[in-house]
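Going in written order, the chains are labelled A, B and C, and every chain counts its residues from 1.
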Amino acid sequence: MTRTSAPGVRVKDLTVVYKTPAGELPALGGVSLSLAPGTITGIVGESGSGKSTLALSLLNAVQPPGRIKEGVVEIDGLGDVVKLTGEELRRARGRQVGYVFQAAQNSLNPLKTVGKQLLDLGRSHDFDDLPALLKDARALLGRMGLDGGRVLDSYQHELSGGMRQRVGIMFALVLNAHLVVLDEPTTALDMITQAAILKIVRDVHHERGLTTLIITHDMGVAAEVTDSLAVMYGGRVVEHGPTTEVLGSPRHPYTKGLIRAIPRLSGDIDEARALPGRPPTLGTIPKQGCVFRERCPLRIAVCDTVDPEPITRDARTVACHAVGRLATPVVPKEYV
Amino acid sequence: MITASGITKTYKQRGNLLGARAVPALRGVDFAIERGGAVTFIGESGCGKTTLGRIVAGLETYDGGDIVIDGTPMSSLKPRHREPFFRRIQLIHQDPYSALNPTRTIHQTLAAPLALRAKQTGRDKAWMEERARELLALVGIDPGYVLPRYPHQLSGGMRQRVVIARALTVDPEVLVADESVSMIDVSLRLGVLALLKDLRERLNVSVLFITHDIATARYIGGDGELYVIYRGQVVESGPTESVISGPIHPYTQSLLSAIPVLHGVERPGPERVVPTEALNEAHPDTGCLFARRCPFRTDRCEAAAPALVSDGDQRHACYHPQRRDVIPVEAVA
Amino acid sequence: MTVTSPVAPAPISLRRNFWRGVGRVLRRKPSRMVGVAIVVLFVFMGVFGPLLYPNPLPRDDNALYASPSWAHPFGTDFEGTDVLALVVTGTRYVLLAGLATAVITVALGTLIGLLAGFHRGRWDTVLMRLTDLQLTIPGLPLLLVLSTVWKFTSPIEMGVVLGLLGWGGIARAVRSQSLSLRERGFIEAAKGLGLPTRHIVVRELLPSMAPYIAMNMLIAVTGAIYAQVGLFFLGVLPFDANNWGVMLNLSVFGGGALSSTAALPYLLAPLLAILLLTLGIVLVVDAMDEIFNPRLREE
């Protein structure tokens, strides 16, 4: 069964741990995040924030030594992905959830033409009508400004970085998945190519009626294409809300600091300020209390002992003791 | 003071039996760096900006033109006599992970060039220790913490600071920073950029900044010169702020138009230039190199190459110069 | 920022840290400790073995091809000499020859590989042709011919000859490693800082290749052991040297170990020794990567 409309995604209290010599360390510490059907959501975070782990969890594809310890990943039409196994899971990947891997430029098989790899994909998902699949792929590639026939006959080395990236997006979409996850879709691409790819992502998203998730470390990329933006730090979602609001009036001190640390072309360049300290790694994420407190200008006593709950006010979720404690009544639920 | 004039470089790509194919990386580039100044090269990958940086740092040879360092043309010297000149120009690599030897502690890494320096200037071991600590403190890290450690025990930002400290052991006049923050975590990048900016002021070191991120160029070298390089050629240059706020060449305009807009903080600029085609090295070399991708091209563009001409304080190589307002505007809350 | 921390790390403490790290790496897997124990045992036998027994070894004419017993755990040989004693006293030759081979292959291979890889160009072409030449020399036939004129009474001679026949592989591997390492940022930086070539090669390049070289060296030792034992087994070398290969030869061709059981322990003892020594080396090789990589060493 394939859905024809955009699915919603609900991640609840997801904890993913990695086994290390120092014991099991949490890469994700009870993350809750919802993707509204038909929206583009961005997840922004630095290395070690857990953003890629979260993306992999949507496919239940966390590789050992990592494992999903607890939590629910509910995708409309699929149910709880965490409970899927074996064949069911394999079918879901590609058919229902399309995934563009980090460094998709390098994830093609160098020994086979793109077309041949596409046929392999079709066969492994029991597609009867392979010519139709090729036709779809050609149309998609044409849609992205490429000569579909030529690209399908090409080997990886005959395509430029930007072209490979588009081929990766085609692979994620061609099986008619309506949930698409793009992990760092534009790293290692040039500004002009990046702009072109982001435009394609946005256009295809609207044309096909998708739910799209973009993982990136680049605030600009997220700002350019997303409707809603989640900021991750130390394995937590620290802030989530509509993109323009999160960027325009950030509430969490990390989001604020991050935005101020980006040199921009507009405004006074000397107002850019570096964030003190450095992001935690898997081993240095504090076991209790707020994960950001070491770098936080608003640190108060409670931050040392209690991990702040995400709290939603005015349709925006923030996990911070210092800003969550304001007068308005709070609803302990997250922004959708 | 370093001046480069008409630098050309052609790579030979291994071809078939009939001979190698020549790939031009630089097609005659001129620029000058003053003491304590800042010069930025921007362009897409493969435009030759990295090659240019490596040539300036003496890590690669050039085919034509000349580099003059403090009045001495390098072409007048034998290769081994050039070395002391090029040592005044230190390259900060893009990748702080491969720029430090993983098998050596930071102490060992700094000690080697310092020992050389001590021998040249007749100083002793105590001076070396002192200097290592001084340099690490200068780049903003705690020497006691860093010195006994191996590179893998440090964050990307710290490593890049160590790399900068190592470059400073030879008291350079110029630091060539090639995409020096692109592999560092976002929240740490500005710290390293601020350090480079700070070094310009405190040590009067010039910075040659090579990047595809124009906003970082604005941060480090807002008062310096910006060179826009396309397929091995400078297509526009001028004071950084002028070029950013009033780009003349359509290629510069495309680059600036492609920069993501931080919606909520900014809104898109009034104009936007998008190339009609993707970058293709196979495009003809005759005429304007950008012509095939340019939305404003005319027959004249494909016939003969436009020369770099002055226009106010900017220079550009375009037959149809027109300033366009393409960069994002700060949103008023 | 003010400088507060007191003591500079002295090189001595670094070295101590290294050995502490080595200990940690070896303890990480029990198999490595077993390997170390085996290798240490053989080294002990090599060094002190001949001192433990009288020279020449006593014979017992009443116990030819005796079965294993408390007095002779592996029985006796054709002239009633204790087999265990033969194995123990034979260790020195085997190990010395192996070590000599390893030193020669590693020294020559590393030197030639480094020169070729680091300087490239003409050096590279000449040295690599030389390497090709070495690799095409058929080792065994040459050894057979050589043995007709040269008796290899000293294990060092044996080792040198085997070493000269075996450095080609390492040279090639080291060359390709240095070709890839010389493009690394830290090598370029060292050049840019004007550090002398000697420093770059010895201090920057070599340590990065150390695990590789160490692994190759240990594998060369096992190769050399097989080769010399093989030569003695084939009987192309005189029997006056006390060697495991000689024991194998005598047990098979003299004692008929393959057809009767009497000489079986005589055959099995040296075989077991070779097997055990190889096993020990293989188990230790497993740790090399972690020993020379500071990151793997400490975590």
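Methods note: contacts are C-beta pairs under 8 Å (C-beta built on N, C-alpha and C of every residue); 3 or more make two chains touch, one makes a residue touch a chain.
Here the structure is a predicted model, which is why all the values come from computation and not from measurement.
Chain contacts in this assembly form an open path, with each chain touching only its neighbours along a single line. Set against one another, B-C and A-B show the most C-beta pairs in contact at A-B. Summarising the inter-chain layout, the chain whose CA centre lies farthest from the centre of chain B is C.
Separating the CA-averaged centres of chain A and chain C is a span of 52 Å.
Note: centroid distance chain B to chain C, computed from Cα atoms, is 50 Å.
Centres computed as Cα averages put chain A at a distance of 32 Å from chain B. Across the assembly, chain A contributes no residue in contact with two or more other chains.
Listed in rising order, the residues of chain C touching chain B in the complex are 1-6, 8-9, 13-14, 184-186, 188-196, 199, 203-204, 207-208, 210, 292-295, 298. Across the interface of their complex, chain C is touched by residues 57-59, 83-84, 86-87, 90-91, 93, 95, 98-105, 107-108, 112-113, 116, 129, 133-134, 137, 140-145, 147-148, 150, 152-153, 163, 166-167, 169-170 of chain B. Partner chain B is touched in their complex by these residues of chain A: 46-47, 145, 160, 162-163, 190-196, 198, 217-221, 223-224, 243-249, 257-259, 261-267, 269, 272-275, 278-279. Looking at the complex, you find that chain B touches chain A at residues 44-45, 155, 157-158, 185-191, 193-194, 212-216, 218-219, 222, 244, 254-266, 274-275, 278-279, 327-331, 333.
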